[in-house]
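Labels run A, B, C and D following the written order; every chain starts at residue 1.
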Amino acid sequence: MHALIQGLILGVLTGGVYALMASGQTLIFGIMKVVNLAQGAFVIASAYLAFTLFTRFGIDPFLAVLITTPLMFCIGAAGQWLFLRPLRRENAAELSLLVTFALALLIEGILSVTYSTTYRSINTGYANKSFEVAGYTVSAVRLYGFLLSIALLGLLYGVLQKTRFGRAIRATVQNPQSAALLGVDATRVQAYGFGLGISTAAASGSIFGLLYPFQSGSHYDLISRLLSVVVLGGLGSIGGAVLAGIAIGVVSSVAAVLWSPTWSEMSFFVVLLLVLLVRPQGMFGRVERGAV
Amino acid sequence: MTALLDVTGMTKRFGHLTAVDACSFSVAEGSITALIGPNGSGKTTVFNLITGYLPTDSGSVAFDGRSIAGADPGGLYRQGLSRTFQQARVFGDLTVQENLVVAAGGSWRSVFGRRMSRSDRIRAAELLEEFKLSHVADLFASELSWGQRKLLEFAAVLMSRPRLVLLDEPTAGVNPLLIQTMASHIRSYNATGVTFLIVEHDMSFVMTVCDQVIVLDRGKTICVGTPEAVQSDPRVLDAYLGD
Amino acid sequence: MTTASMHQSRLVTPAGLTRASAFTALLVALPLVFNAHWMVNLLFFTVLYAAMSVAWNLIGGYAGYPSLGHAAFFGLGAYGVSLVFTGSQVLSNGYEPFLLLPLVGLGAGLIALPIGLIAMRTRADVFAIVTITLLFVAQTLAFNLKGLTGGAQGASVAPPPFRLEIFEQPFYFAAAALLLLAMGLTYLAVRTKIGLALTAIRADEDKARGIGIRTTAVKLMAFSVSVGLVAMAGGIWAYYVGFVYPQFAVDPLLTIAIVLMTFLGGRATLWGPVLGAAILMPAQQLLAYYVGGSRLYLIAYAAIFLLIILLLPRGVLPTVFHRRRLSALAATASQAEAQAVPSTGPEVLRPPTVMASEPSYVQTSAGERR
Amino acid sequence: MYDNRLSFRTRNRLGLAAAAMGLMVSVSACSASATSSSSTSSTTLVIGVSLSLTGDFADPGKAVQRGYQVWADGVNAKGGILGRKVEMKIVDDLSSPNQVVTNYQNLISRDHVDLVFGPFSSLLTVPASQVANRYHYAFVESAGGGPKVFAQNLHSLFFVQPAPVVEQGNVFADYILSLPAGQRPKTAAYPSLDDPFAKPIADGVQKRFEAAGIKTVYSGTYPAETPDLTPIMAKIAAAKPDVIVSGTQSQDAYQQVKSLVQLHFNPRWLFMSNGANSPTEFPDKVGKGNTAGVFSAGDWFADSKAAGSADFVKAYIAKFGGTAAGIDNSSAEAYAAGQVIELIAKRTGRVDNQTIINSLHSGTWPTLLGDLSWNSVGAPQGSYQLVQWIGGALKPVFPASVAQAAAVVPKPNWAG
């Protein structure tokens, strides 16, 4: 029982970080109907950035977020403008899968040239600190990471709800045609929206780098998990992604405790397939009711 | 005249919105019936419910005396109930000729038959000739103009020799000359026994082509009658001009 | 009526027969002319991947269902062969595993039916993700069903008793036969109503179902045949490499490779995937052999990948066809101008804003578009 | 309807793509001519190796590469082997089995190299050794020692390490079982990576411990891509075993340690098969203070007195810089593979594949890993040494014959 609750705590804390990564990905899907296979690579790139800022300049990875987030936003917007915007509309959905995969490979290649393929980890003074609460251990990094993720998710929510830019994005998500008619500049919304989605990778990368050793190829494992999260939550639904992110964290850590880690991945995928069987649009996916 | 299509108490809700509200009407065999109503009155939804593209919440639909509630669109098509779409849904990656052939229906075994059998080709050639599309037969449908696509979709649903054709705004976005062409095709096929149910906004088209009009407002049938009778009905005027 | 449409009445055209025999002759001649072991090895991998790309094209190209889970069936075939012909066996003539292949293909095709039925409730991107999930489930199973697969320790396959001088050739010819089979099946599908139905499904599945096309049956058939062929390729591969590990037998990169080959050559064309494999496989293997040492390999690969998609979004063959078609149309248009009857001239009053290209992501049994 | 600009653009696109393809082909053609010209000289002894220079095994792959380079430079400085200059032809296999098969095919049948050495990892060694065996090439390899490698029963394969990797755990089991009964652990946990390299090690120890009456409180495997080992380690911590025997590869070892530190659980003994024996990576990833008292198994140490070890260290530092303690075992093992070839040439006066195969099945072969000998399927007959992190460095502590320090028990507490 103790181990189970310990697993549960861990699952929630880890899930929060997945939620942040997945929120960016699902946002990108919502705006431009692009499944961004490079999201994991952007997270790893951010982890490397945080690593450099920490080892070179002694900047704390949590503070580094202030630098990496705008940087990732620009890289994301530029990437969209360069590689996704030119795609022809009729098969953009399929081609964008390939383009973002190629982007992931490109990022991986650049990272392996710059940093070699050695596993890196960010070892801050508090990397191995943990708190003891009622007999349960809570790692400091995990707790800070979770709190930062929640804060950023809140910020993202605020941006989407309260700003003009956020309203333009939401209008585009709901109905691209009407949004365009209402004077929303679709090209700009897509570029900025992609940037916004990628910018969530910055903080996730800092946290990821603090939690796990990583190398340029780490994004493959990350992306398979992120895809499951966004599909389970319902493509395009940020709330769904957050809940699904926490769900995947809890399911895999509880399954690892109760059962065996070799089956914990599997149990999650089975849950995903079952959900899709009942609700092909995911837990919180919107039913698109266009003209039939 | 007997009713070929009978709709009784058909209802469809989307969340809190009741798009079709206990709607009832019938379409007489051999008629050209118009389904009109202001924007958002549920005309296209009614089409989707009849043709099985959407499941009904309650009510019944009978085609040729048999209930077809819950039937799938393909099955209805094979029974002789076919439709077109407002957006002229044609298959862009198929040629014009292939768009016709693919709509020919056919038995299970014909799936393994040749891509274009002799009989398919002859039938398609007739229709292409009739709809003056022969010169574009080998173009991809994606290369056609908007009006040509509307014609093609119309021609395609006739491939399977249907008994009832539902046309969703056949004249939307097409030029006046083509509207006349559409009207004459509808009339000539009606003369061969095909029944039409048409959603239309163009009132002069309705007046000249149709012999019965059903008026829908907020998902309800508010009036049924000849074009002349409907035109002078105050309820219709209210519906169009709003409260 | 054009000559093209006149031939459409026959199932197999004379031109098709000629091309088929010429290509068969080429496939047979290749390893005899380029008979160095390393060449035949390269040819083997190229032809094997070409066969898989052609197979993938059936469902991913023609039907527009971009499956990313084909590697799961590749693994199924590989483990099928390793189960029947375990490492400790001594084979008498060495051809036994090839004889098992039809059974492997059939088995995989049958297993694919219920899986396809579930997976093809979703479309486009979601289908791609569901099939990726399928792949990870298959990999997890391969790791965990230790009794069948040997788990992470791997499973060995009976060593092929072929003479060194011709060692690679039986594998090559098995792969070549598979390629011809895949192309033959594709050709037949295209020449029958199946091909029309598949294209209609790709363009607008709801409409296709609405006009009486048996969409579920047709796409299930395409999926089943497609993965059955890939499973057979997995069987040949396992026998050639001699050892099956879960991470190699069920490898996401395998699917990516065949998808890329199909896209490069041209989706929904008979020869496109073959061309794509013929370009990419040698390029990849030789690049890795010669310049792999420099880490620039990955960057170069990604850059070429991006270039292809951005510059040739349709793939090589369709781009060529499109250009040829444009010039042909231009020629006939100038001829026709004199005798044109403006009966159905271009009268675009309203642009077709909501063409059938609007993607629909999932479907329900009632054909409701979501 | 179709304007000319469209077709012009299409033509441009075609041209660009063609140019890209051409570039690619010419790149490969250039390097092809460069390498083939250098390998035709008959006085050169060309040794082909396929290593993972990109992909999952890229890091150890590079370490192996450095070992070969140091060896080849050293040999060439002494005038080569039997007067023939040694040239290492190293190609990349992307950590992929298809590419490894292709590479050995190309090395042997296209570039006709004189000898080959093995790739990195048991996963790639198996398919590669099949190719080499087909051509009757000796397959001297320093990095594929899983059980399935030897189960192939290849007469031409030789694993250049003291013993099959499974034995890495045995040396720890020997040590524990050598303790007086009262001092032995009562309970044990066995977390292991699901990998042909790591899992058998933990399994072997578990079998022997259970036979000796040590209770198993946890035994489980985790897949390579497990993002988080904390749940497993939490479960183990809750069971409070006296000893943890971990079948690890590399980064999973760091993660296990990190989790244990955070969970404040410190077992009396902690043995990790791999990862913990890396002199630079391990302290770098887990923090130097957290290494204290961790056991691992090793075959080579910077201050080893074995044949050629001092020369190797000197040459390595001269070429790559750094410190002796920073040299990876994989480099030393690769160097040992070279030493074996050198010795055969010295003893028999020949370096052809048949001579190598015939020679290595008998006698002992002194290398910097100690004296090596092989059985009929290429499994080495020696044993590993038990090492422990003491004072920030790896020290051999068992068996007594090689021990440089006494084992520290119980394990000092985590530094945090």
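Keep in mind that, in the parts below, a residue touches a chain if its C-beta (ideal position, glycine included) is under 8 Å from a C-beta of that chain, and two chains touch if they have at least 3 such contacts.
Only a predicted model underlies this, so the values are computations on that prediction, with no experimental measurement involved.
Of the two chain pairs considered here, A-D and B-C, the higher C-beta contact count falls to B-C. Overall, the chain located most centrally, as judged by its C-alpha mean against the mean of all protein C-alpha atoms, is C.
In terms of their C-alpha centroids, the spacing between chain B and chain D amounts to 72 Å. Taking each chain's centre as the mean of its C-alpha atoms, chain A lies 35 Å from chain D.
Each chain gets a centre from the mean of its Cα atoms; for chain B and chain C, those two points are 39 Å apart.
Per-chain Cα centroids separate chain A from chain C by 31 Å. Annotation for chain A: residues touching 2 or more other chains are 90, 112, 116, 220, 262, 265, 289, 291-292. The set of chain D residues touching two or more other chains comprises 1, 54, 194, 221, 223.
The set of chain C residues touching two or more other chains comprises 140, 143, 206, 295, 297-298, 300, 329, 346, 353-354, 357, 369.
Those residues of chain A whose C-beta lies close enough to touch chain C in the complex are 29, 33, 35, 83, 86-91, 93-95, 97-99, 101-103, 105-106, 108-110, 112-113, 116, 177, 220, 224, 227-228, 231, 235, 262-263, 265-266, 269-270, 272-273, 276-277, 280-281, 285, 287-292. On the side of chain C, the complex with chain A involves touching residues 64, 66, 118, 121-122, 124-126, 128-130, 132-134, 136-137, 140-141, 143-144, 206, 252, 256, 259-260, 263, 295-303, 305-306, 309-310, 313, 353-354, 357-364, 369-370.
Those residues of chain C whose C-beta lies close enough to touch chain D in the complex are 36-39, 41-42, 45, 87, 140, 143, 151-154, 156, 159, 164, 167, 240-243, 245, 247-248, 253, 279, 283, 285-293, 295, 297-298, 300, 304, 307-308, 311-312, 316, 319-320, 322-323, 326-327, 329-330, 333, 346. Chain D meets chain A in the complex at residues 54-56, 58-59, 62, 194, 220-223, 225-232, 234-235, 238, 250-251, 254-255, 258, 261-264, 281, 285, 287, 290, 414, 416. Residue ranges of chain A in contact with chain D, taken from their complex: 2-3, 6-7, 10-11, 14, 112, 116-119, 121, 123, 127-130, 132, 137, 139, 211-213, 215, 217, 220-222, 225, 252-254, 256-257, 260-262, 265.
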